[in-house]
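Below, chain A partners chain B and then partners chain C, in two separate complexes.
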Partner chain A sequence: MTGYHSAERIFVNREEYIINPADLNALEMALRVKDENDDAQVIALGLGPARVDNALREALGRGADRGMLISDSALADLKTDAAGAARLLAAAVHEIGDVNLVLCGAVALDSGAGELPGRLAHALGWPMLSEVYAIEEITDTSVHCAQQIVSSEADLPALLTVPRDANQPRHIYGARVVNAYRGGEIAAWNLDDLGISPDDLEPLTRVSGRRFPPERTLGTRLEGSLDEAVESLVTQLRARELI
Partner chain B sequence: MEDFEYLQALMGGEELPEITTEYRDIWVLTDGAAEGLKVVDQARTLAETLGARVQALLIPASSPLGAKSPAGAASPKGARSPSGEEEQQAADLIAAGADRVHVASKDLTGDVDVTLATLAPFLEEAKPEFILSADDWLGRELVPRLAQRLEAGLATRCLEVSINASDRTLIAVRPVYQGEYYEVVNFAPHWPQMATLITPPLSEPYLDRYRSGEIERFTPELSTGSRVRVLAEAEPPGRPLPLGKAPVVVSGGAALGEAGFGKLAELAGRLGGTYAGAREAFELGWIEKDQLVDVTGHQIAPQLYMAFGVAGDMLHAAGTKGARFVVAVHPDPDAPIFAQADLGIVGDPSEAIDRLLAAL
Partner chain C sequence: MDFSFSKEHQLLRKAFREFAEQEVAPRVDEIEHNTHTSSLGKSGLPADLMKKAAEYRVMGVPFPQEYGGMGAGETGYCILMEELNRVSPSFATVVGAHTGIGAMSIYLDGTEEQKQRYLVPLARGEQIAAFALTEPGAGSDAAATRTRAVREGDSYILDGTKHYITNGSICEVAVVLALTDPALGPRGGMTAFIVESQWEGFKISKLEDKMGIRGSPTCEVVLDGVRVPQENVLGQVGLGFVTFMKTLDVGRTGLGAASLGGAQRMLDLAVEWAVTREAFGGPIAHKQSIQWMVADMAAEIEALRSLVYRTAWMIDTGQPHTREAAICKLYGSEVCSRVTDKALQIYGALGYSRHMPLERAFRDARISEIFEGTNEIQRIVIASDIFQKQGVRIRP
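Showing the complex of A and B:
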């Protein structure tokens, strides 16, 4: 998806949907755990309209073992917010059962909110480590992770968030993606399956409109000698708190 | 008409509906850093509209992700402040507009789980109408979990917040698609309502040293059972700040010269950012591919982008269009980069870096 604006209205081009880039990094991190541990299973869990099915099949093509989709016509009408999404995903994780680790992209590309992982960790009642760049070691009871500056350990089960530049996601295997579309491996759940009523998902926030950012005036030159120009530059950058 | 509006403003403008719930006041969560003062300043403005008080909750904790210096100024963390420093922080919060500051007298370290379990009961009892925080580690780590626990709506990374006069709910404006446009978020009439604010664009609060307020210390019941442990603090820079995350990016092009290019790393270090190069610099072998800023290399969206001696072709423009503020220095007054820059200097880029380093 890309966003652009014209003079009067904001259009969001919704012709093509992609997997959130940070989620691909999270998937890659999960697949690396599977590479090391033969008995590990990677499950791609999606929430949203039926088109999310494509994203889950792409995940299968990259190496995930199973795909699960939470989809319900009631959700589209409700416009569920992050609070409801966290509740649904937590219910699904419990339903899958025996899950040790949940990995999420740290921030969504479109909204940039970064709100869901924290809410989900709380809904699950699990500890969370954010901005994990690599999983160093997993034991039966804990996971040891490298973050940007520190390295931390969390008891399992745990939720980790993965930033967009954490790793290089592997390519899709052609044969696998063909199989992903041939077989019916995507299990679909609706609200009844998860035992959640639409009343529990009333959104607390709702996007009511869009607005343009203020116009930028480009092309301003700082006059005078180099000394004066640099001095004026430093003053202006400080005034804007950019330095 | 203007006179009438003035009169209306003088008399208090539109009347807000009476509070029908038990939720009261605007609460600000802060770890005592300067960002918290800006949020208190914003809360003060809302409080005037609402007829509410501003209460600040000073949380003696530091980020579990380790010390980082977003604006370049290295803030020595780790060694937790003695109570004298907290006293000063509380006084600053009052001067910025808080009516009451609650100081949690427990070192909660960086364990967000424990911090949440320790402070949530206190907030559940206090029943805030609104909870605000900066988009700092508290806003990213603690606030979403707190929102889920309090069953509160949340808008993260907001540019501005205001009050809907018809039902005392929050209206938040936040950038999406990396600032391509803004979205307006409305809240359902359900409290508390929470928001985190991006602080750099906010103005510096006026600190009124004559304002009075209460400072209250409380000792929360420290929740035990930590489930996360910080094992080691890597020596920064343990991992170089990736281009996509750096708040400041400085870059060089052919007109900077190889000697000038060598100074970029120092400038980037001073500004708390990272350095990169345009395609010319890559072709000259001054940078690796992963430092290339261009539509074929990295597309970046830093707060500040400074281009030294970069001509600024179409590919470069496309790779840097997400930057919030662009500064260009180039000897050629007709270089296309000037049309993409908020501020431009015509001159020798290498000398400009020398003068900048001297001025910073």
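Showing the complex of A and C:
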């Protein structure tokens, strides 16, 4: 049975915060660009409370060169949305300067909305290619990407969204973790640094409810010896007229 | 007093767990059945896995980065051993013999030149180390070492047999204890040497067919007139016994950490089964007999965790730790055996089946009460330290 339960509240596991899985795939795609281009630099950009610092250090542990955090106590009280987040991130991208590729996880695990990358591309005024599985070629002026069905290209600078499982992210390098924590601080910006006032972050959308994702039903486990399991499988497939 | 792991250590644990679960766990059967060959033609671990371990610096966790290591100290190394032993005691044993004692002895007592020449490739995982102490006539009684080292010009000629040597068949470098002055014995007559396995006269004879940790190669090493240059003396001539004992003091802590990981996994499996398995109309977790076993397992594991990481902290902060390290090894190995036994009991006949990981864990756990100094030796070390503080010197 597939269905939606309405949920008043979603309980967050407060013991462990993780990097959004699709963002790890986006990071891996960026690191592969760096593997091929010695002069490329990968910068992990985070937006959120101070604890996001740990996620950025994990990104350093996986191979990013620098981590940047946008954090402001004012943000905790603001009910902003993807449009507001995109404004902040776009300002940070301009502040970093000389950025020619922004890679985003296609969809966030917690909201499932997938709205931010489009808003960010809009705020930057850049072309966007979504659901990119691999970068096929990157030149000084353009990027060529493989999507699920087609291959597309866009002029640089551009924004790409990367779906979860587009690639196998590399592991965390322990030595990089040691350096990430003993090396230096993660650079942090607040709203003033980015020249943005809370009024600029008026939401365009509101969350009006939450629900659990569709329940997944477990498959049937075939018990017994190999012969018995095969016989049972064939019987069930025949019963459903699949063979 | 602060008992929490730092953010750095938490992220290191995540890194090690990711490596253990994604790289090692899918290979445990392959490792157990030991079908791989090393460059020496003897059994070892899958070459691609060892290459990956080197890439992620898993083979040099405690050593400073200037020597090719990860720079994570003893605490980082204990986290690694805990995470690896949760998944594969065989793989953890190879890492333990290599890092915890083999390379560690060079880090502790090597000259700068020896560290550059040997520790750097070992810490990077480009080479593998072994720690050759035990002999047919000198196990717990290490002072009865018979391997001779006779001075000849600028070299020493080594003759003797070392056995039960973990990594012996896959090592590029072995640290060997030998008698330089039989009259003085362990007090001034034994010297540690760094020996390359490619040197003439370094021979591997039989591979052990062991009860557990079957994926870690253990063999006999015969030193048949191996010429070792004088610059490969590790530490001072005559003080090799001290170098070896000092190294074991550190290695034992990592062994306690490995036991902690093994025990924790058994508890996790036991709890999972206790809530799944139904008998007499409900999950067996409702039975007090099961609850008490689980509670005893958890209590001992928590005590061990505190002990291991306090000792690691003592090492990282340069404090004396001989007694605590021996307690880590003694208590850790016994906790792991007891907890594994209870987990198997909770699983019942299913736990006895080779299809389940408990049977292998039961065999794997047993060695920890024996190697790197039997638990009887650990008790002597602990008692010696206690009585020494009373001015009484006890002898085994």
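Here, the second predicted complex is superposed on the first by the 191 of 243 C-alpha atoms of A that agree within 3 Å, B and C clash if a C-alpha of one lies under 4 Å from a C-alpha of the other, contacts with A are read in each partner's own complex, and residues count from 1 in each chain.
The criterion applied here is as follows: a residue touches a chain if its C-beta (ideal position, glycine included) is under 8 Å from a C-beta of that chain, and two chains touch if they have at least 3 such contacts.
Since we're looking at a predicted model, the values are computed, not measured.
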With both complexes overlaid on chain A, does A:Arg182 touch chain B (first), chain C (second), both or neither? second
Looking at chain A, which partner touches more of its residues: chain C or chain B? B
Looking at the overlay, what does A:Gly219 touch: chain B (first), chain C (second), both, or neither? first
In the overlaid three-chain picture, which partner chain does A:Gly174 touch, first (chain B) or second (chain C), both, or neither? second
Do chain B and chain C land on any of the same chain A residues, and which? none
Please give the residue numbers of chain B that touch chain A in the complex, ascending. 64-68, 71-72, 112-113, 116, 140-145, 147-149, 151-157, 173-188, 190, 193, 200-201, 227-234, 236, 238-239, 242, 244-245, 248, 271, 303-304, 325-327, 338-348, 351-352, 355-356, 359-360
For chain A, which residues count as touching chain B in their complex? 2-5, 10, 81-83, 86, 109-119, 121-123, 127-131, 133, 144, 147-155, 158, 163-165, 202-213, 216-222, 226-227, 229-231, 233-234, 236-237, 240-243
Which of the residues in chain A end up touching chain C in this complex? 54, 57-58, 61, 171-175, 177-182
Footprint of chain A on chain C - complex, ascending: 6-8, 11-12, 14-16, 18-19, 22-23, 56-58, 61, 65, 69-72, 76, 80
